[in-house]
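Look for subunit A in each of the two complexes below; its partner is subunit B in the first and subunit C in the second.
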Partner chain A sequence: MPPQLLIARNFRSNALKNRAVYLLILFIGILITYAVITSWSGFVKQNESTAHHQTETRHDWLDNPDKHPHRMAHYGNFAFRPKAPLSIFDSGMESFFGNTIFLEAHKQNSVNFSEAGFSTGMLRFGEISVAMVLQILLPLLLFFIGFTSIAAERENGTLKIILTQGISWKQLILGKIIGLAQIAMGVFVPVMLVTFVLWFFLQDGHITSDETVRLLLVFLSYGIYLLLFCVIAVLVSAASKTSKSALISLIGLWLMLTIVLPRASQALGSYLYPAPVKVTFLANIEKDVLKEGDSHNPDDIHYKALKDSLLTAYGVDSTSQLPFNYSGFVMAEGEKISARIYNSHFDNLLRVYDAQNSFLKATAFLDPFVAIKNLSMSLAGTDYRTYTDFQKQAEAYRYAMAQKMNELQIKYISNKKPGPDEKPVVIDQKHWEEVPEFKYVQPMVNTVFEHETTSFFALLFWIGLLYFMIEILSKELKVN
Partner chain B sequence: MLEARSLTKRYGSHLALDNLNLIIKPGEIFALLGQNGAGKTTTINLFLGFIEPTSGSALINGIAVEEHPQEIKKHLAYIPETVTLYPNLTGLENLQYFSSLAGFNYSKQQLSDLLAHAGLQSQSFDQKLAGYSKGMRQKVGIAIAVAKKAKVLLLDEPTSGLDPKASNEFSEIIRSLAAEGTAILMATHDIFRAREVATSIGIMRQGNLVSTISAQDISANELEQLYLQTV
Partner chain C sequence: MFKLAFKNFLSSSGVKIGIAFLIITGLVSLVVGNQFLAKQAENVEATAAYQKAHISKNVQYHPDELGLLLYYVKFSLVNQTEPINSLSIGQRDVNPSIQSVTIRGLEGQKYDADLQNPSNLLLGNIDFSFVLIYLFPLFIIAFTYNIISEERESGTWKIAAVQSSNLFGLILKLFTVRFLVVVFTLFLTLFLAVIFLKIPLNTRFWLFGGVSFLYILFWFALSFWVASMSKSSSYNAVTLLSAWILLIIVLPAMVNSYLVSAYPVPEAMETTVKQRNGYHEKWDMDKKATIDKFYNHYPQFKTFGYPKEDFNWLWYYAMQQMGDDEAASESKALREKLEMRNRASTRIASFIPSVHMQIQLNEIAGSGLSNQLRFMDETGRFHEQLRLQFYPAIFKESPASSQQWEKFEIENFSDNSMTSATSAALPLVVAILLFSVLGWVRFRTMVS
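Moving on to the complex of A and B:
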């Protein structure tokens, strides 16, 4: 057996003789079990509820009687956001996002009914998800086991005997890393197997290649992430004179990597690139929309140019002589304008968020936790990008629905207003079918590569950095 | 064979070892005597390749340590002042682990023979090292050294803290290893043990080997007087 594997086996068996290690593994196991159960039940509940309400909303839409299409545009529709299968692994920002938008003409409503909105402030302390345990607590366990890996050999005097046996520093370091990684995999692999089983069954056998790639990437990136922490633990232990100083250094490092750096960079990003508060954001949109006039009023001064050009083009004196419904035409124009204004504000907001997040993302080169956190949420479909993608798809659907109603009005509603004794102008309810049902489609996995390039490169950078550190320390380390 | 050629080690302004010249042939036991800080452990660490000389060379079987630090490990074994090893493992398991690291895969019987040869009682073989006395642990250390079949043995205060009986047993084993052709360098404070076990004795002071005597040519009392006068 190669000496690295002998060292790994010896380290593993010695570490697992420590009862405290078993207690910590047990504690982590309980947390993971809790996380799995809650995320599984949350997934089932939300997706059942989403599916139920989506169907109900569709029936309600189709069951509407004959009516004026603009009344239907205001009757509106709902867009429901189902949970992504991998949200059972990483809930990410899921709880802080709403999952339902009311879609109506002229208005871009915000997403409602987030978990956080229904929870106590305790949620601010962070949810327990499988990903959180793997990202934060498992590295702490690895540091707790790994701090003695070489420092204790130095303290006990066994280091000199090991090196005298012909073992090089590099072999010793690699052996300890392998031993620690085996312990890490002993926790990680069963967790991923449970995740796989749940992921498989929660999709009712409809496994897509996209979801499979996501799962494999989650597996790979977490494997790398945990390996990085094994290397850090062993290198710090090797560079420390005593186990005590190694433990203090590693706990300090853990606090820095998992708490201080991510929060500090997030706070700095928000300070340098302030985002508008929600009320201001919505008020600004409203203000800009009002500047463009009221499309409900065909005689609004803002649409005079449009009116004049139509009258000239059709050679008529009044809008009632036009061969189509002029009000519908104005509303279609108004919808275009209000959608453009909303999208412009929304894109500006996203640019601010991107600028804020750029700080956090750049921190990934200093902190592998930031890299895996962003990457994991993105792969699980629980990141802000996926959420905004839902908002964009919902807005696109809303716009298409409103314009479809405007189109029906232009086509089927007469320019003549009904008299006081006449029936209101309506169209047949069969037209409601022409608006398709909203179905949220999660972005393809290639968008993860686009948006999380920094995180991917940061993980690669860390692999290179730690490999370089192993090479350097193998040459520079001293016995005493 | 061990050889020091003008071996010098300096830490800043402190001269830890000054121009040491020494040859220890197969079958010889060379005891280095001296107070703390005299340069005994520095000499051993230089031969082990754990520190690099400021100038000069340390050679093991003609191979320069600083040029081939891994290669020379095949030729030497080392027993520190306190052999701690792994308390959770038994004597046999410790021996098996360390000899495997050196590339020797012995059967359980061979490992038992090595421990018995080092003077350990057979009933202790399968006991955890946590329950061993210091003398018993030193014997496991000897077994680890012997298992390597090394022709050079470096001992750093090996009998420190051992009771007279254990110390005597240790001396017997060292002598038997020398008789088999092992060159042995032993750093010690124990004048009488050095006189009893060594073939040659060197007295060090402030990094210098100030006196070298044949152990046969001097009585214990004379050696003590010389040591006290020298240091």
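Moving on to the complex of A and C:
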């Protein structure tokens, strides 16, 4: 057996002699079980309620009697946001996202009812999920086990003996890393098996290749992440004079990586790139829309030009002589303008948010925790990108619905307003079917590669950096 | 003797760095708080300006039809941000501090979410409450985990034990020195906050400072108890850190997911759907029936009778009213569910000092869920008052000029309810007494 593996076996069996290690592993196991049960029930509840309301409101829509299409455009539709299957693994930003959006003509409503809005201050301490345990608690457990790995040998004087027996520093370090990694995998692999089983059953066996790729990438990236912490633990222990100082350094490092750095870099980003407040955001949209054309203003240049060109084209002298419904035409034009302007403002807002988040993203090169956090949320479909994708799909649906109703109005509603005693103009309810049901489609996994390139590279960078550190320390380390 | 103990403690470079780190992060939290206040103020200012321009523009566009004009016009109510709010931002970054509503159905408007970057929310603010609740305990642990164990490990404890006639007094003194230094850091930060953020020195502030002091004392009591078990420095460090993780990371997260699953709020989606249907379906129903229901709600308007026109604003607003009326029971259930959540979380928190602190600081600063609920209630009153004010003029078909529009400026809601000092302090006092007595008893038996 090569010496590294002997050292690894020795380290592992020594570490596992400690009863406290079992207690901690048991504790982590209980936490994961709790996390799995609550996120499972949350997932089932939310998706049932989402599906129920989506179907119910679809029926409501179809059940509408004959009426004016513009009434239907205001009757509107709802989009309810379903949870992604992997949200049972990493709840990510889920709690901060809205779940319900009302879609109607002329107006981009907000996505309401986030869990955070209903929360007491408690949510801010963070949420429990399998990902949280793997990202935060398991590395600390590895530090608790790994801090003695080499420093204790140095204190006991056994280090000298090992090195004089013809074992190189590199073999010693690698051996300890392998031993620690075996313990890490002993926790990680069962957790992943449980995740796999849950994930499989949550999708009722309809597994897409996209979801599979996501899950495999989750396995791979967390495997790498945990290995990084094994390496860090052993290297810090190797560089410390005593186990106590190794422990204190590792605890300090853990606090920096998981608590201080992420918050600090995000705070810096949001400090440097202030985002607009809602009232200003909406007022700017309104201003731009009015600049382009104000359909309420009889003297508006844009709409006057539109009217004149229509009158000339059809050779008539008033809009009531046009062969189609003029006010439907004007609304279609208004919807087109306001939707375009809204989308461009919304994209600008997203750019500000991206700038705010850019510091955190870059911090991944200083902090592997940030890399895995961003990557994991993105793979699980619980990151902001996936959410804005939902918002955009809802907006696209809203726009298509509003324009469909305008189109029906243009086509079927008479240009002549009914008199006070005449029946109001309506169209047949069979048309309501022409608007399809809203179905949210989760973005494909390749969007993760686009948006999380930094995180991927940061993980690769960390592998390289630590490999390099092992090489250097193997040459530079002293026995005392 | 004390002077020497101070000198000894402060001579360590680690301690100096630690204190400097606390003060710097404290200052950062004040800058963050200041930016938060500035943003709130900017928001209020922009809303006030917008409301003014928005009203005059709409009055100009719709001078003859008050019903149509008020279809568009939004009125804003501001949940006032007190300067002390910036020390504990709480839920104020999630929930909007301004509600802008038209006199149409309230249920379709009052839950409108604010614009925000969820990454900021997820990672949380570096406000003063974060520095106090997360970081202060870490440094208390760092300053105290090896108080006796280190000397025992290096062999100097025996000498001290022989030389000192009052060993327990010596232990107490070592703790007191560290306690005073940390408390000084806390008060210095609060003092700077008062000056920099112009926080008025009222009951709120003193209560805020008082519970912060108790929280520091709690961690010292805990560390005192751990030290009394006379284990190794590494053991103490791991024990105290585990307590920190349990109190700051694990327990809050577990309790939160318990609350979410124990008090789910399906009423939220139901309210919205009910409101939409309650209003919209009336377009296809008998007008008289809708107006009759409206008159049942507001008998005082019965004199307006049943207008003959095919479309009239009385009927329109009656339909809007039906949206609210038909969603009323769901809306009320939602409100009660949130109240239950709030009560349950306050109750559970009293057993977890860290969570208790966060909730109490939010309460004191007016940034917690209860403040949000009161603000929502006030929004309801504000909206109702606007309706009652405008309805007669709309039904009479008065022109826009019949109203004094310049009177309609944004209104403020200031939350005057105060948490009781007892409920804020008692759980901490109990925990402090528990750990100090436990520690004291152990030390006594050890020393004697």
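Here is the rule we use: the second predicted complex is superposed on the first by the 458 of 480 C-alpha atoms of A that agree within 3 Å, B and C clash if a C-alpha of one lies under 4 Å from a C-alpha of the other, contacts with A are read in each partner's own complex, and residues count from 1 in each chain.
As a working rule, a contact is a pair of C-beta atoms (placed from the backbone, for glycine too) under 8 Å apart; a residue touches a chain by one contact, two chains touch by 3 or more.
Keep in mind it's a predicted model, so treat the numbers as computed, not measured.
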Item to check | Clash-or-fit label for the pair subunit B, subunit C on subunit A | outcome: fit
Next on the checklist: In the overlaid three-chain picture, which partner chain does A:F144 touch, first (subunit B) or second (subunit C), both, or neither?
Outcome noted: second
Item to check | Which superposed partner A:T57 touches (first subunit B, second subunit C, both, neither) | outcome: second
Next on the checklist: Once the two complexes are aligned on chain A, which partner has more residues of subunit A within touching range, subunit B or subunit C?
Outcome noted: C
Checklist entry - Looking at the overlay, does A:P65 come into contact with subunit B only (first), subunit C only (second), both, or neither? => result second
Next on the checklist: I'd like to know which partner A:L6 touches here: subunit B for first, subunit C for second, both or neither.
Outcome noted: first
Item to check | Which of subunit B and subunit C A:T164 touches, first, second, both or neither | outcome: first
Checklist entry - Can A:K17 be said to touch subunit B (first), subunit C (second), both, or neither? => result first
Next on the checklist: Rounded to whole Å, what minimum CA distance do you find between subunit B and subunit C in the overlaid structures?
Outcome noted: 18
Item to check | Residues on subunit A lying within both footprints (that of subunit B and that of subunit C) | outcome: none
Checklist outcome for this item: Interface with subunit A, subunit C side, in the complex: residues 28, 31-32, 35, 39, 42-43, 46-47, 50, 61, 90-91, 94-96, 98, 100, 108, 111-126, 130, 134, 138, 233-234, 237-238, 241, 245, 248-250, 252-261, 264-266, 268-269, 272-273, 276-277, 280, 283-284, 309-310, 338, 341-342, 345-346, 349, 354-355, 358-359, 362, 368-369
Checklist outcome for this item: Given the complex, residues on subunit A that touch subunit C span 31, 34-35, 38-39, 41-42, 45, 49, 53, 56-57, 60, 64-65, 67, 71, 74-76, 78, 80, 92-93, 96-100, 102, 109-128, 132, 136-137, 140, 144, 243-244, 247-248, 251, 255, 259, 262-264, 266-267, 270-271, 274-281, 283, 296-297, 349, 352-353, 356-357, 360, 384, 387, 420, 424
Checklist outcome for this item: Interface with subunit A, subunit B side, in the complex: residues 45, 48, 50-51, 70, 73-74, 76-78, 80-86, 88-89, 97-98, 100-103, 141, 144, 148
Next on the checklist: Please output the residues of subunit A touching subunit B within their complex, sorted ascending.
Outcome noted: 1, 3, 6-7, 10, 14, 17, 156-158, 160-168, 478-480
